[in-house]
Amino acid sequence: MIRSILIANRGEIALRIIRACRDLGIRSVAVYSNADVDSLHVKMADEAVCIGGPTPADSYLNGSNIITAACLTRCDAIHPGVGFLSENSRFAKATENSGLIFIGPDSETIALMGDKIEAKRIAKAIGVPTTIGSEGPLADMQTALSYAEAVGYPVILKAAAGGGGRGMRIIENRSQMPEMFAAATKEALSYFADGNLLLEKFIGNARHVEVQLLADSFGNVIHLGERDCSVQHHHQKLIEESPCAALDEKTKVRMTDAAIEIFKHIGYRGAGTVEFLLYNDEFYFMEVNTRLQVEHPVSEMVCGIDIVQQQIHIADKEALPFSQEEVTLTGHALECRINALSPGKIENYIPCGGPWVRIDSHIYSHYSIGCHYDHLLAKIIVHTSHRNHSIRVMKRALQELVIEGIVTNRDQQLQVLDTMQFKTGQFSTNLFDQVMSVQKSQTRKKAYA
Amino acid sequence: MDSLDLHTIIEEFEHSTLSELELQCASYTVKLKRANEPNLPPVVPPSQQPVANHRVTENSPDIIESPLVGTFYLTPSPDAPPFIEVGRTIATGDVLCIIEAMKMMNQLQAEFPCEIVKVLAKQGAMVEFGQPLFEVRRI
Amino acid sequence: MIRSILIANRGEIALRIIRACRDLGIRSVAVYSNADVDSLHVKMADEAVCIGGPTPADSYLNGSNIITAACLTRCDAIHPGVGFLSENSRFAKATENSGLIFIGPDSETIALMGDKIEAKRIAKAIGVPTTIGSEGPLADMQTALSYAEAVGYPVILKAAAGGGGRGMRIIENRSQMPEMFAAATKEALSYFADGNLLLEKFIGNARHVEVQLLADSFGNVIHLGERDCSVQHHHQKLIEESPCAALDEKTKVRMTDAAIEIFKHIGYRGAGTVEFLLYNDEFYFMEVNTRLQVEHPVSEMVCGIDIVQQQIHIADKEALPFSQEEVTLTGHALECRINALSPGKIENYIPCGGPWVRIDSHIYSHYSIGCHYDHLLAKIIVHTSHRNHSIRVMKRALQELVIEGIVTNRDQQLQVLDTMQFKTGQFSTNLFDQVMSVQKSQTRKKAYA
Amino acid sequence: MDSLDLHTIIEEFEHSTLSELELQCASYTVKLKRANEPNLPPVVPPSQQPVANHRVTENSPDIIESPLVGTFYLTPSPDAPPFIEVGRTIATGDVLCIIEAMKMMNQLQAEFPCEIVKVLAKQGAMVEFGQPLFEVRRI
């Protein structure tokens, strides 16, 4: 039985997990780097252990210090949060080997789904549509060229070993291939120590839609609906919502069925996500995220289920307490990520509030945003009966939010919410860049006027 | 004003009849004060020292901090005598203690010759990253 | 059509109404006293008008200045909020006479239900149980004595003209009557300029349960479930929840039916509440609140309906957009009021947050709490699937709340949540005083030890 | 002010009778203090005055503020001449203006004899509670 959990993370996601622990009566142990002494997760947890210097490699990626801290503070389990070690199968394995419970899937599952070629092969094998392209790593540039001829331009090169936009290149025609292939190989090598590349047909005007799943140790797999995460900048999600405005009921059922099928096939255990590209009512498997996701609150609000609590219950070998039929998805939830666009000290923070608003945030007045970690300041989540209500409530919430002393992306988010594309639900992953380029050209016009 | 250095400020102060001067600008804050004796140079408070594994304060003992998270042992085995004792002199490379982590016994060695002034961690207890383990005096 | 609203109130409830305006695309005009220059409602509204000095009589009760401000800022309507002028039928009438919409019931309805004797008479006439006692104001102390003999001690004296605990006295036996009668008369006279008293049989171990209703101009009346507001101190509510833990399904249906019956009978229009005493599965009509209530969020969370938006729609002569059958009450919502126990400056405020938590509050770091108005700092509302989850989430939220610089009732609230009575749902309106007296005697014991 | 250097500031201070000087500008903040001269009266900066319907600052004109919310009129009727004019002298009880509220014409009377220095509100415009209406000089 899990009675205490070490949280191997920081920021708002560490608070999120501490809150789930409190709600379950579980003791929480925070870890922190020298740079995070004044962080809320350190203050809020029942205990806190300093595990290293500011650089992630020295602290939040320092598996040995984290596992030792968990053992010495008598924790039963480690929750890796998102990012950092959350998809590191070696860390999961080391955690298990130390006699601790890793709150996440088996280390084997993490390793299997971490191999994007293998993941895609499995999806294809059980009949889930995947984008056409190379079935495995490209031997050389010539192979890339012949695949590209076969599927037709544009194509996209991706690092076989990792995500986050690193090693990705979109190639419009044959002449761009040599340069792009070399650049992508180099980038993949430097970020993932693995230069292998995949090639896929590039679907330009697509949406990013993912299905949230819960699977227990007894073969029960259920979904909590889908999330649309198409508003992105450099493959970083900015706005997420559930349900997806572009998904008809039939496609939705096919997509959630496909996601459940994959999880059943690989014997997945825990919370996880299957990501798809959606284009004209056709969807294509992209990858499996074997962890909690930043945007999980969007699903929590529409289904009323605490995903982090369920992660803990599943890790504790409990069966899911509800069936698919007992899950009701109500209304529409929308999340905006508020990011810092510059480091600095928050001189004044007045959060938004009131009806239909949830805030997941670790900031406070006089908190300093350093340059060691990501720049997520707050997730504003709203939940109402309809998508257009949610958009209006989100605008109200963003407008009343006060964060002084640093620059944030609040105004950019408001601009996106105000576009006709977003309002009507007709947009794809390039919406954010479109909005920003329009703004830039307008600013330029003004400058010349 | 940005280029104004401390020397200039003090110079100006010295040549004035002021008893106090406080100045704040983008890069620093300075406060000058003169008591009834107009011969005293103003005292500039030292700014915050960077935190290092070996904390140094002038004329005070060094602190050796833990470089990792683990269990602190002063003895190589339960029955053995401790690696070090208070008052003893230690050479560079001498083992000070063991920090056990992930079933590994990590020996912590002295990085400079010193005398052990105080043991700050408890035998068999958990130590965090950066936790003070020994107070020593450099030789 | 209502396109702009003047909000004749301050504090968190003013923010609540501004938020509803924003969500509906309605312009909001705040009013404020000299003491409230730095208040959030002044900053958040689209416009703000200073209407007088710090004393309520000079500003928030100054109907003439408020109505003039509404006219001159070209508002279509006035929302009175809670307290202040919200149940003042003369103000409602004056608002109507100025060609403005009063967001609330007809002034006649307010006047009718403001007369507690008449309200009780109506309830009784249509078959709703009322507490036994005098049917009208007591002529003199002798009449009080004979009524008390007839219904049996203990009895309660109440001011005929007002509520809020003013002019109320509980009388255990005959000998206490002369003194109590004189004191209650005096208090009623000084608070309501009306010394008339009622006498009722006192039900000691009862709960305070109220039904939230919405009624439009077309005769549609629906309820949004009930709220239990039994945790009180000096008749001031401290904790509210929905549903009520002590109400079986049969009694609940009878109670909501009775409430709807009353609203239909008097032709009520707007949002309103019928308050009942609940004792051993029997309930007794107490009064009708012809306004929004502080604790309305508890109902909003279980039904997913924005009560303030509905108030505005109803005032705008729109029909209710849903029937009783379309209202689904889900889960359990709990609200704790965080009050200041001392005036002063809030040096540091870090709100609670995360899943299942809503905060309605007007405070911020460095905001000063004066002594002119009520001491409500924040309403923490949680909504989960079950009552015991809600209690745990509420404890988590209260524990992480940071308000430095002034004394609050946060710890008292935590003590109440921790009692066996509250946890099991078996308590009555005296729970808070019981908890505090136990604490006092323990403190005394410690002092002697 | 941006070009003002420390030397100039101190120079200015030296040639003054001040005992203290605090200066804040875009680039820095400076505070000078002189002890030992007991002959100089300290300069006390005027603190915030309490806000009253008639704001008074020593040796400066009074401000007459609006006691209610309403529409401000300088004339008894659209065609009539104004109640007052700048430069005119007013006796206690003289009508200064009308503030219309709830269809009532509220005449605002002078509470003391004074000369009108300036009219601060606009004819026909809304005035808030406490809004300055006239600048006057007491006689």
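Letters A, B, C and D mark the chains as written, and numbering starts fresh at 1 in each.
Definition applied: a residue touches a chain if its C-beta (ideal position, glycine included) is under 8 Å from a C-beta of that chain, and two chains touch if they have at least 3 such contacts.
Just so you know, these numbers come straight off a predicted model, no measurement behind them.
**Student:** For subunit B and subunit C, which third chains touch each of them?
**Tutor:** A, D
**Student:** So the centre of each chain is just the mean of its C-alpha atoms; given that, what is the distance between subunit A and subunit C in Å?
**Tutor:** A distance of 42 Å separates the two centres.
**Student:** Using the average of all C-alpha atoms in each chain as its centre, how far is it in Å between subunit A and subunit B?
**Tutor:** Here the centre of subunit B sits 41 Å away from the centre of subunit A.
**Student:** Quick check: how many Å separate the C-alpha centres of subunit A and subunit D?
**Tutor:** That pair's centroid distance is 58 Å.
**Student:** What whole-Å value do you get for the distance between subunit B and subunit D if each is reduced to the mean of its CA atoms?
**Tutor:** That gives a centre separation of 57 Å.
**Student:** Please set out, as single numbers or ranges, the residues of subunit C touching at least two other chains.
**Tutor:** In subunit C, no residue touches at least two other chains, as defined above.
**Student:** Out of subunit B, which residues touch more than one other chain, so two or more?
**Tutor:** none
**Student:** If every chain is a node and each touching pair gets an edge, what shape is that graph: line, ring, star, complete or other?
**Tutor:** Chain contacts: single closed ring, each chain with exactly two partners.
**Student:** Pairwise, which chains touch?
**Tutor:** Per the contact definition above, the touching pairs are A-B, A-C, B-D, C-D.
**Student:** Using the touch definition from the top, list the residues of subunit B that touch subunit A in their complex.
**Tutor:** Spelled out, the residues of subunit B in touch with subunit A are 51, 68-71, 101-102, 126, 128-131.
**Student:** Show me the residue ranges of subunit D that touch subunit B in the complex, using the header's touch definition.
**Tutor:** Within the complex, subunit D contacts subunit B at residues 5-7, 10, 13-14, 27-36.
**Student:** Which residues, counting only subunit A, touch subunit C once they are in their complex?
**Tutor:** Where subunit A meets subunit C, its residues are 15-16, 19-20, 22-25, 40, 44, 297, 300, 304, 306, 308, 330-331, 348-351, 353-361, 364-365, 384-385, 389, 392-393, 395-396, 399-400, 402.
**Student:** Subunit D touches which residues of subunit B in the complex?
**Tutor:** These residues of subunit B touch subunit D: 1-2, 4, 8-9, 12-13, 16-26.
**Student:** Which of the residues in subunit C end up touching subunit D in this complex?
**Tutor:** 34, 49-53, 59, 64-69, 72-73, 94, 98
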